[in-house]
Amino acid sequence: MSDENNNKTDSAILLIHCPDAKGLVASITDFVFKNNGNILYLDQHVDTQKSIFFMRIEWDLKGFAIPRDKIGEIFDASLGKKFRMHWTLNFSDEAPRIAIFVSKLPHCLYDILSRYKSGEWKIDIPLIISNHPDLKSVADTHDIDYHVFPITKENRVFQEAKELSLLKEHRIDLVVLARYMQILSNDFISQFQSQIINIHHSFLPAFPGAKPYHSAYERGVKVIGATSHYVTADLDNGPIIEQDVTRVSHADSINDLIRKGRDLEKIVLSRAVWYHINRKVLAYDNRTVVFT
Amino acid sequence: MSDENNNKTDSAILLIHCPDAKGLVASITDFVFKNNGNILYLDQHVDTQKSIFFMRIEWDLKGFAIPRDKIGEIFDASLGKKFRMHWTLNFSDEAPRIAIFVSKLPHCLYDILSRYKSGEWKIDIPLIISNHPDLKSVADTHDIDYHVFPITKENRVFQEAKELSLLKEHRIDLVVLARYMQILSNDFISQFQSQIINIHHSFLPAFPGAKPYHSAYERGVKVIGATSHYVTADLDNGPIIEQDVTRVSHADSINDLIRKGRDLEKIVLSRAVWYHINRKVLAYDNRTVVFT
Amino acid sequence: MSDENNNKTDSAILLIHCPDAKGLVASITDFVFKNNGNILYLDQHVDTQKSIFFMRIEWDLKGFAIPRDKIGEIFDASLGKKFRMHWTLNFSDEAPRIAIFVSKLPHCLYDILSRYKSGEWKIDIPLIISNHPDLKSVADTHDIDYHVFPITKENRVFQEAKELSLLKEHRIDLVVLARYMQILSNDFISQFQSQIINIHHSFLPAFPGAKPYHSAYERGVKVIGATSHYVTADLDNGPIIEQDVTRVSHADSINDLIRKGRDLEKIVLSRAVWYHINRKVLAYDNRTVVFT
Amino acid sequence: MSDENNNKTDSAILLIHCPDAKGLVASITDFVFKNNGNILYLDQHVDTQKSIFFMRIEWDLKGFAIPRDKIGEIFDASLGKKFRMHWTLNFSDEAPRIAIFVSKLPHCLYDILSRYKSGEWKIDIPLIISNHPDLKSVADTHDIDYHVFPITKENRVFQEAKELSLLKEHRIDLVVLARYMQILSNDFISQFQSQIINIHHSFLPAFPGAKPYHSAYERGVKVIGATSHYVTADLDNGPIIEQDVTRVSHADSINDLIRKGRDLEKIVLSRAVWYHINRKVLAYDNRTVVFT
């Protein structure tokens, strides 16, 4: 679904994964077809190694025989239980609610805010959270609440509790770590499974951890990258949503790598967030299916 | 389908396009499902502007209820006529028969021959045709017949007749113009619709015609490209199958562009031929659907 | 020179082009060497077709024997006249003064403003000019003056005169057309030669003019691009500073091309502006030398 | 220098690195200038962290005041000793002598041979060495000697001695490991320092060691790569000459990664070899300077 299609009627988006079985595509498309749904998007994937079936299907709600608030229930009764499906149902007119976490570097924050404020993305950003006060003026400029929670070893649990409370209060669907330089606790992560997206400034699994541009310079690579992934308990090891790279040469200093990397980071993070808010990503095991 | 899966049983590949209609995916997948076919690949696309439906579906022939030589007939009777489908049915164990046309530049020829001789591609190349004798030794080295038909304005019709006769005699499925520097007549092209693939040494529609690298140098572009397309009566304007680009700079001379372009040309042409021989391309109007 | 090196002492940057001659590099580097300058950057290029020599040389001003305000004069007397050089001398501590022209699309404007406000670029942006009032709130948010000059065939000369007057008053060094959808008159352009940078939303010379994404969709290309160039009297034909591309497929609608293109446009324009403000670009004939 | 410029007179190519010092560029260019040399190419780089100066300078030998066989000696006496330079002097009319090492995979071998046989590269390939007999027919087809040395833990030293003897006998300048799946001993490597180029089928430092495509699949990366590097005692850790990448998705099986990677490997290896044989690479510490 394109973000420009403002005149479209609303649509339903179903993301499904389940054990592979004969007849899945036929059954699901038939469900939509028989209820008078016009399919706008259909893509499916089978992980043949693990025999898992994945599908994204989107259809026009205009004229659909089942009322919106009954679709999930009836789908589950018809097919969900039978095929042991994990499924999520979303509607295109629902704007995801996003909290952004930042530290001191502003480029990813600016990029997301410009897409939000210009209407490029249909989302709500009710709050920005940081461990530093530095970027408060950016939040102020864009009229968004900015909450500072300095983090130390000692206060992490306590501060995270306050952050989580804010996230709940604001009914946050997605946490975006926009160069947030703190590690979240497993407890925090477990409350937002596949709902926290991070940007790491290297093409993982190369150069995990801190100072990847310095490591890249030391190693003398000819290509640098950035990686956006869901955050899991295993640091820098969550399911990758998007990666991209750019060429560098011997003539590039560490500062040049940082400069070139900045543009990569913001674009790669924004692509990953865009896929997520358009319900195009399914994470399983340590991989993602991205229906582009 | 990957070219490495040599141990797989044979499969059937159906390429379909037809006016879009509700229930198409359900009907087609149901046809395979009810006849006990295991779907190996499924992808579909709807051109919403023109309301055309496209599908590539591939299924395992092992245990399929319909014998191989009856599948087309029964599919057409069940669904093809009803939905006014254009469809082609191929089987994964059929090796396409390819004729390569060359002039004097050998790099694309070498690239295709190395994929053929190494078994990377399952194809047959019974003959190479050229308007020059220069590359005969390459053909000889690889034990392939090499036919020379010098072309002039006066003899074109006559020479093409001999070429066409050779193509028919060898039951050629696909003609690959591997930097062949002659223009084929409309009559020739009409006998191999969507069966002639050309490589043009620019990112079309920029720099059509002769000497694109010279034009690219003159224009001072920072990116050069190559384009592989089906040949139609409209020169350099056929449906594009694949394009790719590489960066250049002020420091690159025309000869540097030619050198960098050579690698682009051979890779882009080979990707396009690979898509075609694996039945992944559907051409319509002046566009292609490439199911990657 | 990297934009991060804030602690560096100031440096002098000399951009030179002249007829090629033996001894040029030796003479110029000797000039810096003998005056006790430490070279920080040196790159040169010879257009062998036209026998033109190009150089960018940057040296530390600390300990340099010639006072800053005499360097140009002495260089010209020593070498400039002798070799018939065109040269410009800049100093790294001078912040270029930029005016941004916009119409209704905000993404390029947002990208430049975020680099400005975050300190990523050392520039001044005293004003934004538009033919529409739409983006005034963006300018307000960033505390920059926003001037609206609606343009019609009839009033163009008159409105441009007012714009030029503003540019002069604010001592503008560079005009950035950030998706400004009006054509500037030759008179306007002649007053800012190699000082107006535009972004065109295609990989020129493919798809010049209006609606390039629609044309790209119609042509069925597999790659789209963006081009940043100096503006000359010959529309969409000025010297190209930077280009980049991204892959698209049959599955991308025109709106998808527009969405993917937006990110290309803003990054390509910002790269071009960065090269310019860091004195890395030399334009001649219809080409650029970009010392990266 | 482009490989197409067959009509050019011969040129001298000097590769230099030494401690950085004021006046280096002036002194070196002055040496060429005073001896009536016309500079065809000049590029230099300073590693400011380690204060090392690098230069590639190429000049026309026509009319040069110093006879070819005295250039090195006189340069060293004039500048080399004074600036403690490491330098190598080569002449453009000397064809490097290359030995290719292969195992069972033919794609890199085919790519190099096609460039050799077509005259794209001015080199000699007097022999191919393998630990398997499989690719002998490819060597036969191209009329090149093929030597089989099966390698076991026990016989490695003995077999390498025979290989080294062959390399010496044929006066080999460069060993290319074209998907050669054996590890060379430190003794072997020490005899060909910066003269052995390997291709590794991942974007190092990600996925070193065996089966990188399997690891890439497991990790769920969205980009795969290939890396060409000089071989040092530290496996997969030598100075990187060239890297490139290609996008992959969840839909790509391991076999798809292998297929896409094949094209990357052959192109990346051939680019690295081309840089080397055109005397464009300087290795130091664990990095390379590549003068493109």
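Which chain is which? They are A, B, C and D, in the order written, and residues in each are numbered from 1.
Here, a contact is a pair of C-beta atoms (placed from the backbone, for glycine too) under 8 Å apart; a residue touches a chain by one contact, two chains touch by 3 or more.
Values in this document were obtained by computation on a predicted structure and should not be read as measured data.
The chain pair A-D and the chain pair A-C differ in C-beta contact count, and the higher one is A-D.
When the CA atoms of subunit B are superposed on subunit C, the rotation angle comes to 180 degrees (nearest 5). One simple way to say how far apart two chains are is to compare their mean CA positions; for subunit A and subunit D this gives 42 Å. Between the CA-based centres of subunit A and subunit C the separation comes to 35 Å, rounded to the whole angstrom.
For subunit B, the set of residues that touch two or more other chains comprises 251, 253, 292. The residues of subunit C lying in touch with subunit D in their complex are 22-23, 25-26, 29-30, 33, 38-39, 42-44, 46, 247.
Across the complex, subunit D is touched by residues 2-5, 106-107, 110-111, 114, 117-118, 120, 138, 141-142, 251, 253, 255-256, 258-259, 262-263, 267, 270-271, 292 of subunit B.
Those residues of subunit D that touch subunit A in the complex are listed here as 45, 47-48, 54, 203-207, 218-223, 225, 239-245, 249-251, 253, 286-290, 292.
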